[in-house]
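Two complexes are shown next, each including chain A; its partner changes from chain B in the first to chain C in the second.
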Partner chain A sequence: MTRDGKLGGAMLALLGTASLLTAWQLIISFGLVPEASIPTPWSVAQALPALLTDRDFLNGALDTVTSWAVTVAIGSSAAVVIGLVTSSVPFLRRPTAVVVDTFRSVPATALIPIGVVFFGLGSQMKISIALYAIFWPILINTVYGVASTEPMRLDAARSMRWPWWRRQVFVILPSAIPSILTGIRIATGVSLIVIISTELLGARNGVGTVLVQYTQALRPDVVYAGVLLLGMAGALLFGLLVQGERRLVRWASVG
Partner chain B sequence: MDLVVDDISKTYGQGAAARVAVTSASLTVGAQQLVSIVGPSGCGKSTLLMIMAGLLKPSSGRVALGERRVDGPPVGLSVVFQDYSRSLFPWMTVRRNLTMAAAAYRLPKAELKNRVEQALTSVGLPASGDLYPWQMSGGMQQRVAIARALVVEPTVMLMDEPFAAVDAQTRADLEDLVLRVRDEYKVTIAFVTHDIDEAVYLADRVVVMAAGPGRILEEIAIDLPKPRDQVETKLDPNFAALRSEVFRLVMRPGTTQKIS
Partner chain C sequence: MGGVGRAAARVAGAGWLVALLLAAWEVYARIWPSVFFPPLSEVLGNFSRMWLSADASSLFTSDLLREQAGTSLGRFAMGWLLAVVVGVTLGMLLGRSPVASRMYNPTVRFFTAVPNTMLLPIAVQIFGITSRMNVFLIFLGTVWVIIINTADGVAGVDEMWLRSARSLRLSRWTLYRSVVIPAAMPRIMTGLRVSLGIGLILMIISELYATTVGLGFQIVVAEKSFLYVDMWSAFVLVGLIGIVLNSIFTLVERRVLRWQRRSSLSDL
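On to the complex of A and B.
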């Protein structure tokens, strides 16, 4: 992108944010929504420093981020390995498809009560439910990626007398990587949503739990500040993932 | 080493859905010869090449490289595929593409390194090792594909319509490149093409195939002087005569007397 393009982009982003804040303020000023349910942008901004120095919030955030990182790490590696194995064994393909189609239709959040019964209210429950949510999309993307391997490349590898494992590692896996990364990117967002949902619905620790406490203490300004922070963290994360993905599979975009 | 194809047939599918791709094809590619296999689309020439490469099992018949029966990709045989963009590994640099081609050969490191650089030089890309294939033009990518085939110093190189996707000038360059590396690496080549000029220009012998069912129609010796030259050779009246002969066989197999 050119320098002017970047500058223009920044200007547009600034303009968008400014109009959003103005609209927000106007809604309150005109009394469209009672002030008790929407705090003013200014009071939310004022609540930010308090929230960022709140030990409970910081501990909660750490707990959420840890659960989330563990989920993505375990979920991705398990789903990718299982995806690669089931794809390479022809008689496993059909049963895998049936299982995947059945289980992925069950929304993960519907399993929260069962998770609570099984694992209690700790991190184990959060991670298990989130794992369930992200396992299927990554698995499906892995299987799809493997299936998209160019047959001519496999022929080339065979003509070079590559054994099975070398074809898996150096042809099939790289061919599947763009699709796998898409799956992981989706999973990263989904797992964060699911983990925060479990926290809002009863888990003992985490950002969501702290936000529930502030809601009960009638501090919507702090709650909004928290949501704002989560949004910014999510956007940053997404940006980093897309960057990393581009760097890793430069060849895929060119074709 | 001779590459001998003995009475190969290949049928896809079974029963009523069976489709005969090649029927009782026999040919011999003598050591360091270049044999072109030419024919209309659907004549089974690529199928035959894939069987010769050990990538496809014939329904009957056998292929032998020297004394050894081919029942899988043999040592010392390289394949250059039709479409470089689908056969090179885009996630590897050119150098790594070449290095990996010899992965199964367990060469000493220094030796492998030399061979890779030598292959790149032979195809006229001595300074391109660090590029990725997709950063190169089509013609350059096909050179990389040829270099990749040369790294293992093959006794036989099979080429499946390798220049179908490049423009005419590049194609002429690449044809001469094939003749050059044939002499440099002393390699036996079977070259599948649908281009009659190309088949005659390159070959010591042209094998003409016909479709429906795919079969070998005729073999024609090409006794044009060597080295071949894109201008001189093609001005040679013998070239025109041979070209017309092949052309007649490819275009109108029904009018010749030689079908058995």
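On to the complex of A and C.
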């Protein structure tokens, strides 16, 4: 895109966002909804600095991000390894697909009360429920990715008598990476949803816990500011992931 | 790709790993008994007592099942179908108009990135503890994925197809019905599939958080009253409902996209 085009795009984006913010303000000004339930955009913006210096909020955010990072790290490495192993054993392929289809259809949030009974209200509960939620999408994407390996390359590797692990690392894994990354991208979003759900339902620490306290204190402006911050952080993260994915995929398609 | 019958036979043949895992549950719970983790057989026994009945006229379901599952699924259907209609319409608009898509793309991306459950306290504040709260949350949580995927699908329609359609002087209606929508269908279905999963997650979480009736509420009530077998059988019911809804979706998806395999094969 040219420089001009980019500038025009940014202007349009600003215009669009501004039009929605105006609509939000107008809805409140005309009294279509009570101001007690929806604060004005301005008061939400004013609540931002207070929230950013709130120690509880920052600690909560740190706790949420830590649980989330641990979940994604454990979940993706476990799912990728299991995906590679089950894919290389022919009689396990179909049954694995059926297992994944069965268990991923079970909404992970239904496990929260069970998780609380087992693990209490700490990080262990958050992480284990989120692990359940992300394991299946990454596993299925790994399996799909492995299945998309060019058979010719596999034959070539086999004719060179490469051992199992070498075929996995140098042939199969590179071909599967685009699909695996898609799975991980889905997983980052889902795990955050699940972790925050556990916090809303009473986990001891986390962003969700803090925002529930603000809801109970009847400070909707702070709650909206929190949602705004989380959304921006999420959008930023999502953008980074897509960027990283593009780089890796470019390399993979060359390789 | 075979008929449904053959596919069903294959599924049955491939289901042994699921059976093995369920058997492992039973064995584990028998060897290390725990009130929190009852054996599967006990859960299933309780399941049939709680949720099933001998009455064939109500399809062997108990009153409790019809009442609770009916409420939950009603909320889910209302929120999700509303999101499908609104999401596909808005997605088409954004996909067909480069200006509109540049204007509103940041907002849509933003809302896709907000962890949807975070909207729960807000929904409760706006609607109170009513079914409208659940419907609103499910709608707001699922509509963005549908918009993005529809817009991407519509924007990705082959320019050539559009030009040939125009040179045939197809009316606007025919253009959408026979060119744009079919071409965007795979992406639209992807969006719908993802939104179905999110919608179910939100249906349950909103009922766990604050309601007085529904499947999620049943799980919490059982947990709070230390009736762990009840809790597990309510969980199994939720799981089964999720599995059934996803299977129905897969069937619909196969039917809607049955032309796609052929075209992708000819692409090779």
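Basically, the second predicted complex is superposed on the first by the 249 of 255 C-alpha atoms of A that agree within 3 Å, B and C clash if a C-alpha of one lies under 4 Å from a C-alpha of the other, contacts with A are read in each partner's own complex, and residues count from 1 in each chain.
The rule we apply is simple: a residue touches a chain if its C-beta (ideal position, glycine included) is under 8 Å from a C-beta of that chain, and two chains touch if they have at least 3 such contacts.
What you see is a predicted model, and the numbers here were worked out from it, not measured in a lab.
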- Using the touch definition from the top, say if A:196 reaches chain B (first), chain C (second), both or neither. second
- Query: Is the number of chain A residues in contact higher for chain B or for chain C?
  - Reply: C
- Message: On the A-aligned overlay, A:83 touches which partner chain: chain B = first, chain C = second, or both, or neither?
- Response: neither
- Message: Touch test for A:158: chain B only (first), chain C only (second), both, or neither?
- Response: first
- Scan A:60 for contacts with chain B and chain C and give back first, second, both or neither. neither
- Can A:41 be said to touch chain B (first), chain C (second), both, or neither? neither
- Message: Considering only the defined contacts, which chain B positions touch chain A in the complex?
- Response: 50, 53-55, 73, 75, 77-79, 81-83, 85-91, 100-104, 132, 134, 152
- For the chain A and chain C complex, residues of the former touching the latter: 9, 12-13, 15-17, 19-20, 33, 37-38, 92, 94-99, 101-102, 104-114, 116-118, 186, 189, 192-194, 196-197, 200-201, 207-208, 211-212, 215, 220, 223-224, 226-227, 230-232, 234-235, 237-238
- Message: For a test of understanding, state which residues of chain C touch chain A in their complex under the given definition.
- Response: 10-11, 13-18, 21, 36-37, 99-100, 102-107, 109-122, 124-126, 194, 197-198, 200-205, 208-209, 215-216, 219-220, 222-223, 228, 231-232, 235, 238-239, 242-243, 245-247
- Any idea which chain A residues touch chain B in the complex? 150, 152-153, 155-156, 158-163, 166, 170-171, 174, 177, 249-252, 254-255
